[in-house]
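Next come two complexes built around subunit A: one with subunit B, the other with subunit C.
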Partner chain A sequence: MNMPGGSNCSRRDTINRMPASIGKWALSLTLILSGLVFISWSPGTQAADELNCVLCHKYRGLSRIDEQGNFRLFYINEDLFKKGPHKRIQCKDCHRDIEKIPHDPAKKVDCTVQCHLIEPSGEEKFSHKPVAEILSKSVHGKLNEDGDEKELAEDFPHCTSCHDQPLYRPLSFFKGHEAGISERGLSRCKTCHRTGDFAEDFYAHVTSRLQKLRVSKEIAGICAKCHGDEEFQERHGLQGNVVASYWETFHGKAAYFGSEDTPDCIDCHVVYGESVHSIESKDSPTSATNPKNVAQTCRSSECHSRAGENIAGYQVHVDYDDPEKYPLQSYMLTFFKFLMAAVLYFFVILIFLELLRRLFPKFSFIKQPEAASKTPPGNQ
Partner chain B sequence: MQKYPKIAIRNGKRYFFRFSLVQRVQHIILFTTVITLALTGFPLRYYDQPWAKPLYEFFGGIEVAPYIHRITGLILLALFLFHTGYWIYLFFKNRVGKLIREKRVTAGNLVKEFLSQEMIPNGKDGRDMVNMFKYLLYFTNRPPRYDRISWKEKFDYFAPYWGIPILGPAGLALWYRDEVSHFLPGIVLNAFYIMHTDEALLAALFLFFVHWYNVHYAPEKFPLGTVFLTGYLPEADMIHEHYDEYLQTMKEEGLEHEIKPQHH
Partner chain C sequence: MANVLKALKKFIRTLYILALMAFTVWYGFFLYPVIFGHGDENKNAADAGQDLAAFYGEGTTDEEKAFLKSLKEQQQTATTDLGYMVIEEQYVQGHFHHVGMKVEPDSNSVCMRCHGAVPHDRAKTIRAFLNMHAFYLACETCHVRPEAAGEGPWIFKWYDKETGEVISPPPGLNTLKEAMYGNYSAKLGPGKIDSNGQFRFLNGPKELAFVNKYLQEEERLNDTQKSKMKNVLHRNVNEEPLLCEGCHTAKKKPYIPFLEVGYPKRRLHELTSTEVVGMIKKYQDFYIPEFLRGGGFDHVKPEEKSRAKKPSVEFLRDSTTPD
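Right, the complex of A and B next:
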């Protein structure tokens, strides 16, 4: 492996990070398996895992309950890892506090550090810092305009709040599509870029950014982690459950049924063409959802391009139980509710009585002569 | 137009004419489109119910089902327009024509003729309804004697005939929301959204519960009354459901001596 790895690259220890209860079992297994791994080891299958972390982390049950009582899963799906964006990064590039093996509980990863990869268009080491800077200026940033921490700063998202790694999911279905690199697409690169590694790495990097990696339903699910939480709404003085109201729109329903064309939260809340990390409050004049900009947002070229200015008046996040804010919807629903109740109760009672009447067809409190049946009454 | 005999005899039994072929075909188009619209519409309304997704997938899922829904909706709207033209045609042919021939064309007579059409609710319907409840509550042993169209059948008729002009334009506006937003305020789309889905629910519950009770579930009809296919109603049902019309038809056909009583 020719990774720019620093001084730790030569270490071949296994990294152990398991709870005591299964530690012994895992340790003995580790010893047996490490023997097997040394026999079958080949550079091609190990990707950037020079420290052989996956030797332990490949077990699907590798997990524990942490101090906060949360279930933590430490499993890494090696197949997915090798196809993922971080496949050339070593574990220790991000998990920097791990110095010995077996290791102590690792600290949270800081995504803004420079990793050992050289960014190919320049000579600098790569970092996600520019993304963090965009995020910090958005409505989701932890700091206010004066640079002070906002209230409830711990509620504001960090990278992994939205970017969960599919690597840690034990049995994930990759949206029903074949994961990874298209061999056909790759063959075009390989015509000139004859060393396969280069073509594969950059093809994967570029195409992963051109593909829609998450379907709309999944994006809404990510935002729902906070914005679908009633307590969170209350804590931050937000208006209503915007995720629930999204599901009630045609957009939401189409997304729910797996449409990939339908807009999710990001499509309307991010200014067309800007980074998704730059979401602003609707009060900001440059926000995509500022009342002045809504029509423009709806009309962005792929969606309602032919719509008029009035499309901005369509209310997306409607709380049907709030007559003060949404009087029209609320009164219409009440009207239909009463109409439906009146019509259906009337006929349910009618049918019920009709069935009861069949039990005693001849009975009546007041008997009227049958004879009248031969001549029609003068009722016209 | 084909002339239908008022009474047809099949296997020694009397059948009474009710619906012409044009009417029966309209009804078949009506119920196939309404059922298709319900099946491709309600999975969206109840998207989070376990049956919604499989049912929607059956109609091709989100990529296909919306188009089935829209095309079916267009067919139903076309049927509505045809039917409106149809009764206006019949009105002019049978009633206005008569007034012209008799030289009695006045506004008052036109209104009178309009209101006396068989589908328009009238005073007898109100009296029949009161009588029906008297009968059902055992206060009389004589059920109401309905004419050609009973008040229950008028309900059945107006459920779709008032429902379509509400549902259809709302559906069209939601379909062509971009164009609509040039001349109507955006919140109208919110209103159309509710109108479309809630009126649909009312129509579906009424048709699949009340109307289907009348023609499918009711003990004497189960599993189905055949009049919607043949256009002719068996004598027993005619006596049960349209006794006044039965008496009149029997008299007109010179069968006065064979009239059966309302009760057996």
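Right, the complex of A and C next:
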């Protein structure tokens, strides 16, 4: 057998000089290690389901009611799982406590642990820890400035309170702008980046990050999990249902009907250019919603960039059901509702009566005198 | 002839006017919520929740809180818009993974009127698997055995979860993805040929109507009568249900005739393969199948616990290796 390359030949010579058993052992070990190195370093390698978790978790009704009375669904939709960045990690990277099959109820996943992926900019193992650190300093953090737990700390969000499994939202810019991967654009990447799904993943990841991962309506829905809950508002002394009042605004209605350009909660409550996890209380001087900063927030380059200071006077979270707090808005709304009802119902009734007349052209509640009705006109 | 045409014309005109009048009335009703109200999809649940909250005083116990929470959450769905596709799925609070499906309620199960759609809880090691089977098998498939009733083998047929009508095998049985593995919008249930020569499910429309009526009128019974009725209602339920190896076996004819009810050969091999049968054996070693008896006992013996703690991931690797 010819071995190309000098280094390979010299290695073979060395092996040949060893006793036969050691040589075979070393050769096998080298092959195994080479294989392992190849598998783990191959850039396009996706996390296979090495532990065959979907053997059980592919069944849709795999579920139970847990000790707290919550419905737990253990089904994994593999097709959808492969549509997001987590496709590159293994089940066990997150569910670390599972050591045996059948396994005990899995513990809560800690998103801040390091997984086996290498973060390419720093060549360190990837972790969501920096995000958790930003969140901890925000108004949503469980700890106060002194490092002590806030009151009702269990109410404050953790990762899965807002996030479900992330999915790519790729965009095509090849010709025009549309949702999905451009096969023609991707083919250019794959000219050089041929191994595995590297090009597809990279394309989907980067283009997803060039837009919002969630449409405005979904974002408001996520915030509504807590801020739309009346009991939650009462527990934390929050003023009214801010999500319901958002839906009443022009922005909210556009979002409700599917606009992706209209601002959602994050656009106004996060300082332009900062992490979405860094929302601050409006009392904080650096907050995007602090009265002093509201105009600047509205004037961000993608929104009302040429607006004056008065734009800060726009009240987003008006509770129309609270006439004591918002008398002008509340009574104005009531007036316009009744005005609209009066105009529309006037015409609806008019049309109905007109149709009725056409159905019974001679009907009248007033009975005419018989003689008068029989006398032809002009003979009186 | 002219008179007939005139009468016909008048008749059509009258119909036209009546249709317009009906539309105007409908439009009047349609306008009201548009002007005055905002559609609340969960209004009924919220109203019921408020009534109960007023009754319980905001839910002072865990049970009351859980009940109120359930009322608020019922029938919620989640939507994820990826631009190129929209995922409509069941909303499960705190659930991380996308399931990409809606759980269709079984409107025709007699048992589920009381026991719900996720009824298994006692056998801790296999409860999730049992609930998974309840997704597409009628409860009586495992819990009402023909030999106990002194009858011949049941005839299995699929029924539509919504209408309860007998249907042909759902297409999902043969589909490679999408509806595969349990989401068929249908369930397989046992039945028999009645005295009229017609097929009828063990629990069909008649039994369902009876149970619904019973639940409606239950308050009229005294406590003793309730206990008596409970026994009557469950008289066909076997203490020992069908066990896993009744169907997942390659050694004998499976209890459910998979091929006859529409499973393709590929699925038959899968259901009776080393992979699934091996997994079941692992669970058999792990629990004592006594879960229909009174609760409170530990299903796992101490020596089994220690055996189970040993890492057994290798087992799965072996089981997936083709024979």
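Keep in mind that, in the parts below, the second predicted complex is superposed on the first by the 263 of 380 C-alpha atoms of A that agree within 3 Å, B and C clash if a C-alpha of one lies under 4 Å from a C-alpha of the other, contacts with A are read in each partner's own complex, and residues count from 1 in each chain.
By definition in this document, a contact is a pair of C-beta atoms (placed from the backbone, for glycine too) under 8 Å apart; a residue touches a chain by one contact, two chains touch by 3 or more.
Since we're looking at a predicted model, the values are computed, not measured.
In the superposition on chain A, A:L55 contacts subunit C only, with no contact to subunit B. When both complexes are overlaid on chain A, the residue A:F71 reaches subunit C alone and has no touch with subunit B. When both complexes are overlaid on chain A, the residue A:H304 reaches subunit B alone and has no touch with subunit C. Judged by the touch definition given at the top, the superposed model places A:R188 against neither subunit B nor subunit C. Contacts of A:E231 after superposition on the shared chain: subunit C is touched, whereas subunit B is not.
Of the two partner chains, subunit C is the only one touched by A:I101; subunit B is not. In the superposed model, A:L356 lies in contact with both subunit B and subunit C. Within the superposed three-chain model, A:E218 lies in touch with subunit C and out of touch with subunit B [touch as defined at top].
In the superposed pair of complexes, A:H205 makes contact with neither subunit B nor subunit C.
Overlap of the subunit B and subunit C interfaces on subunit A comprises residues 247, 340, 344, 351, 356, 358. By the touch rule above, subunit C contacts subunit A in their complex via residues 14, 17-18, 20-21, 24-25, 27-28, 31, 35-36, 38, 58, 62, 66, 69, 78-84, 87, 90, 92-101, 103, 118, 120-121, 125, 127-129, 131-136, 177, 181-183, 275, 279, 282-283, 286, 308-313, 315-317, 319-320.
Within the complex, the subunit A residues that touch subunit B are 247, 250, 253-254, 256-259, 262, 304-315, 318, 328-329, 332-333, 336, 339-340, 343-344, 347, 350-351, 353-354, 356-358, 360-368, 370, 372-377, 379-380.
Against subunit C, in their complex, subunit A makes its touches with residues 51-52, 55-56, 58-65, 68-77, 79-81, 83, 99-102, 109, 160-161, 163-165, 167-171, 179-180, 214-215, 218, 231, 247, 337, 340-341, 344-345, 348, 351-352, 355-356, 358-359.
Interface of subunit B with subunit A (complex): residues 43-44, 47-48, 53, 56, 61-63, 124, 127, 132-133, 135-142, 145, 174, 177-179, 181-187, 189-191, 193-195, 198-199, 201-202, 205-206, 209-210, 213, 218-219, 243-244, 247-248, 259, 261-263.
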